[in-house]
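Since the structure comes first, as structure tokens, the remarks are kept for the end.
We call the chains A, B and C, going by the order they appear; numbering starts again at 1 in every chain.
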Amino acid sequence: MTFQSVNYWKKLPLILLLLVNGAVFAESAQNPSKDNGWWDIPYPQQFDSAELTHKQSFIKVKGNHFVNDKGDTVVFQGVNISDPDKLLRDGHWNAKHFDVIKQWGANVVRIPVHPISWRGHGANEYMKLIDQAVIWANQRDLYLILDWHSIGNVIDGLYQHPMYDTTLSETKQFWRSIAYRYKNVPTIAVYEIFNEPTLYGGQLGDVSWKEWKAFNEEVISIIYAHDTNVIPAVAGFNWAYDLRPVKNEPIDAKGIAYIAHPYPQKTKPPYIDSWENTWGFVAKKYPLICSEIGFVREGEPGAHMPVINNDGSYGPIITDYLEKIGASWTAWVFDPDWGPMMIKDWNYTPTEQGAYFKSVMTKNKHR
Amino acid sequence: MTFQSVNYWKKLPLILLLLVNGAVFAESAQNPSKDNGWWDIPYPQQFDSAELTHKQSFIKVKGNHFVNDKGDTVVFQGVNISDPDKLLRDGHWNAKHFDVIKQWGANVVRIPVHPISWRGHGANEYMKLIDQAVIWANQRDLYLILDWHSIGNVIDGLYQHPMYDTTLSETKQFWRSIAYRYKNVPTIAVYEIFNEPTLYGGQLGDVSWKEWKAFNEEVISIIYAHDTNVIPAVAGFNWAYDLRPVKNEPIDAKGIAYIAHPYPQKTKPPYIDSWENTWGFVAKKYPLICSEIGFVREGEPGAHMPVINNDGSYGPIITDYLEKIGASWTAWVFDPDWGPMMIKDWNYTPTEQGAYFKSVMTKNKHR
Amino acid sequence: MTFQSVNYWKKLPLILLLLVNGAVFAESAQNPSKDNGWWDIPYPQQFDSAELTHKQSFIKVKGNHFVNDKGDTVVFQGVNISDPDKLLRDGHWNAKHFDVIKQWGANVVRIPVHPISWRGHGANEYMKLIDQAVIWANQRDLYLILDWHSIGNVIDGLYQHPMYDTTLSETKQFWRSIAYRYKNVPTIAVYEIFNEPTLYGGQLGDVSWKEWKAFNEEVISIIYAHDTNVIPAVAGFNWAYDLRPVKNEPIDAKGIAYIAHPYPQKTKPPYIDSWENTWGFVAKKYPLICSEIGFVREGEPGAHMPVINNDGSYGPIITDYLEKIGASWTAWVFDPDWGPMMIKDWNYTPTEQGAYFKSVMTKNKHR
């Protein structure tokens, strides 16, 4: 990449700000002042739970399921929204978005926080977006799953795409910031530590389950050092499909859930045996959330490996199976541009999968 | 953090170099020239010891104490200044500051280099500030302790505040740069490797003493590969309070010192037994420096956990105890804005603790 | 973080992409658009091998030597060019440069990619330069060795000079990008993983061969996960001079080569015994490339430790020895500014070593 002119540099103080903390040094010699030095950067603040108008239970793990304050079993069924930054750009980061989701019958919304988006806004600004989600969700008695939406190998620092680039340190710092901020907030029930760990057939290096387990256990310990009223959730390799190591080497932590993303092309129909052996068995012992499920016909917008299912049969098979094993789920994705889409447009016209998942959520809501 | 004016940046070419190496690429196509390519970035230079007008001993470790060239025992008693960048902004980065400290009876000044400040200026520019400190201190026969002033968990990359953010690599590179630059300078007697390691009750992750020990040993080996005429100093966990692991697993390196920061609220009065068991015992075998001590009454400026002591009794108890065990100390902090303050204003009016530590230093200076 | 004006951003997309991923956030609120979000950053593309007009064999390892498609032994003899960015600035990044190298009798060109240069251009832009080198080399039936030209300790993140600064993650990502891009390209025969590992007498920390071996093995596994038709090459410590650990602890990977940089001052004349014991022995079992050899008389341009040889005797001794053990080589460096130079000026006037290596390559070319 070649710069066409150096003059732009003179005009671009803000770039620099973005880049390094050291920004405040610019003024040191010319404008001596002790009032806005780097030592006065404010410490983070906790979310003011007085802003929550609706009483919600802190959700807890009991055996292999979630319970509310009364001890009732809670099964989450809902949707993924797109990254709040994406909705902000679209002009749809608003209460109405949560209204529609509630009307569709969801009781939970998963928020995928992309590392590139987190850094782009900066932690403090991004958390203001999450604050809004908390308020909008709480007003509608929805719960939230907060998801650090990276894909790749965080141990070695190799990722599938720049939007997923992060580091071990940034990931731990993210959870530290979040766990501190939302300590007293029942609305965010689940912290999904790392969206989709994958080695991409070796293209992203090599990591053992032992290393992956240790990483998750340290993040969980950081979360619990701030807040024990939240449920950390752990995914397995192969883009959150493979939880087999949990059989012999479960994560050494209490009160957690496991995550699977069983898109249709991760195995062949009739699915069930493979699902059971690869991740479904976990639900016998631990709470399980399929935090991404979804499908679309080939040639339709948003179709890509591994979400293609040409006869729509995947929908009922997955939701019936998850109901049978008592697992929670959130469909991917309540957005008209990201695939597989649940809505066709900003009139919220359902796609095929959108209509299907809406019908399941609506039915369950009223029984 | 917001810039009010972009003009300062025009004066700050070094910031750009600091921020991205790639800056020099700006001109590549339009202004082909081999004379200022990235391959011509100058290698670092050593401090010119001819600038030192006063003959000072290289201080060495002998048993559990420091000695000068003649073999006389040296006990350091002095003050912490604030970060040179802070003094620069205040318009007080000058010889007078060192004059006053000398007049108060100090024989040593500890300089806390905050990582955010080091990066903000860039290594080369920051070392010019340290160069000045070396010259001012040498002229007054003061010694310096150079302190990499981070707080947190450098192994996992989690810190208490953005001003303390650093990395393992930056920390090692800092000591490499410093050890190279000041190899022939007796004035800087002590390199304090990492100010205050802390896990913050697990909020900053988890590190074993074994890992912490190995980190310090590698930094010491990097320092010694450049310069063996300097004393590396190692702190323990709990914000440099807890040196108990030194009993069974001391740092495997010769010629080093240990560090403790026994602020009043780290334990309860009458203090001594806890101090003895937690860090004081180290002084029987190794040189010990309490490189931060200090106190202030509740409600006074600068009061915060753990420095509050409401009857002023901490002052004589700590200095008497340190005298008894032969430990060195530097009080925190010779600045009217950072707490607990030793001075009230830029007339150098002593605070309560300032007056107390001044009286001790002055007395010891004349005996 | 608050932007005072978004207008500058519109003019500078490339800078921003280079500097921080987050750049695209600048316009989010003011200019809502889903068409150029961070989620649309294009995935990397492979080199279009249809651009290769000349049929070249994929070079493979067979026993201790290289072979072409017919099974003929291939010995590489050629030159190092300077970094493509340097040639671009000089106005000499062109086909003529490769013409002259071909005329000198070379069959291979080593391209040193300096991390500072890679980052400065950005991966995508830099790979366009490598694309050009591939086309120019292919047209002339030259092979390429691609070299990640860092010097230092990549495990600890300490380097000899800012131009060599990189990280473990960036190094792995570099090889991932390269291995993906050039999968179908026979022209780049060798991937030299890390130019010159060195601990600089401890100034750059401490790394065991075991750690160094594991690092190389992981990079090789990343390369092979993309492309098994390429030869990864591994250097030893002491600036790629010391391969003795290969005797008992060889790199655990098939199809690789080893690298040595036996400049004249790495040992004393008559050289051969030391060379044999330190790196030459490797050639009995594995393919060996001396990817940097070269010399210059003291006082001549480019003279510096360890390349000085005052009687020119080094030239024939090294090339005869390498011919005897069947090792490949590339002389450093086909540039009039970097030392030791092979050319005096942009008329390509040979220096003493330039004339010597030219004569050897020309002779071997015709036999």
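Here, a contact is a pair of C-beta atoms (placed from the backbone, for glycine too) under 8 Å apart; a residue touches a chain by one contact, two chains touch by 3 or more.
Predicted model only: the values in this text are computed from it and were never measured.
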Under the touch criterion given at the top, what is the topological distance in steps from chain B to chain C? 1
For the C-alpha superposition of chain A onto chain B, the rotation angle in degrees, rounded to the nearest 5, equals 120
At the place where copies chain A and chain C touch, is the share of residue numbers found on both sides over half (same) or under half (different)? different
Using Cα averages as centroids, what's the distance between chain A and chain C in whole Å? 41
Going through chain C residue by residue, note those that touch at least 2 other chains and give them in order. 1, 4, 18-19, 120-121, 167
Sort out for me which residues of chain B touch chain A in the complex. 1-6, 8-12, 15-16, 18-20, 23, 25-30, 83, 85-86, 88-91, 114, 116-117, 119-121, 156-158, 161-163, 165, 167, 200-206, 337-338
Contacts from chain B onto chain C in the complex sit at residues 1-3, 19-25, 28-29, 32-34, 37-39, 41, 43, 167-169, 172-173, 176, 180, 218, 221-222, 224-226
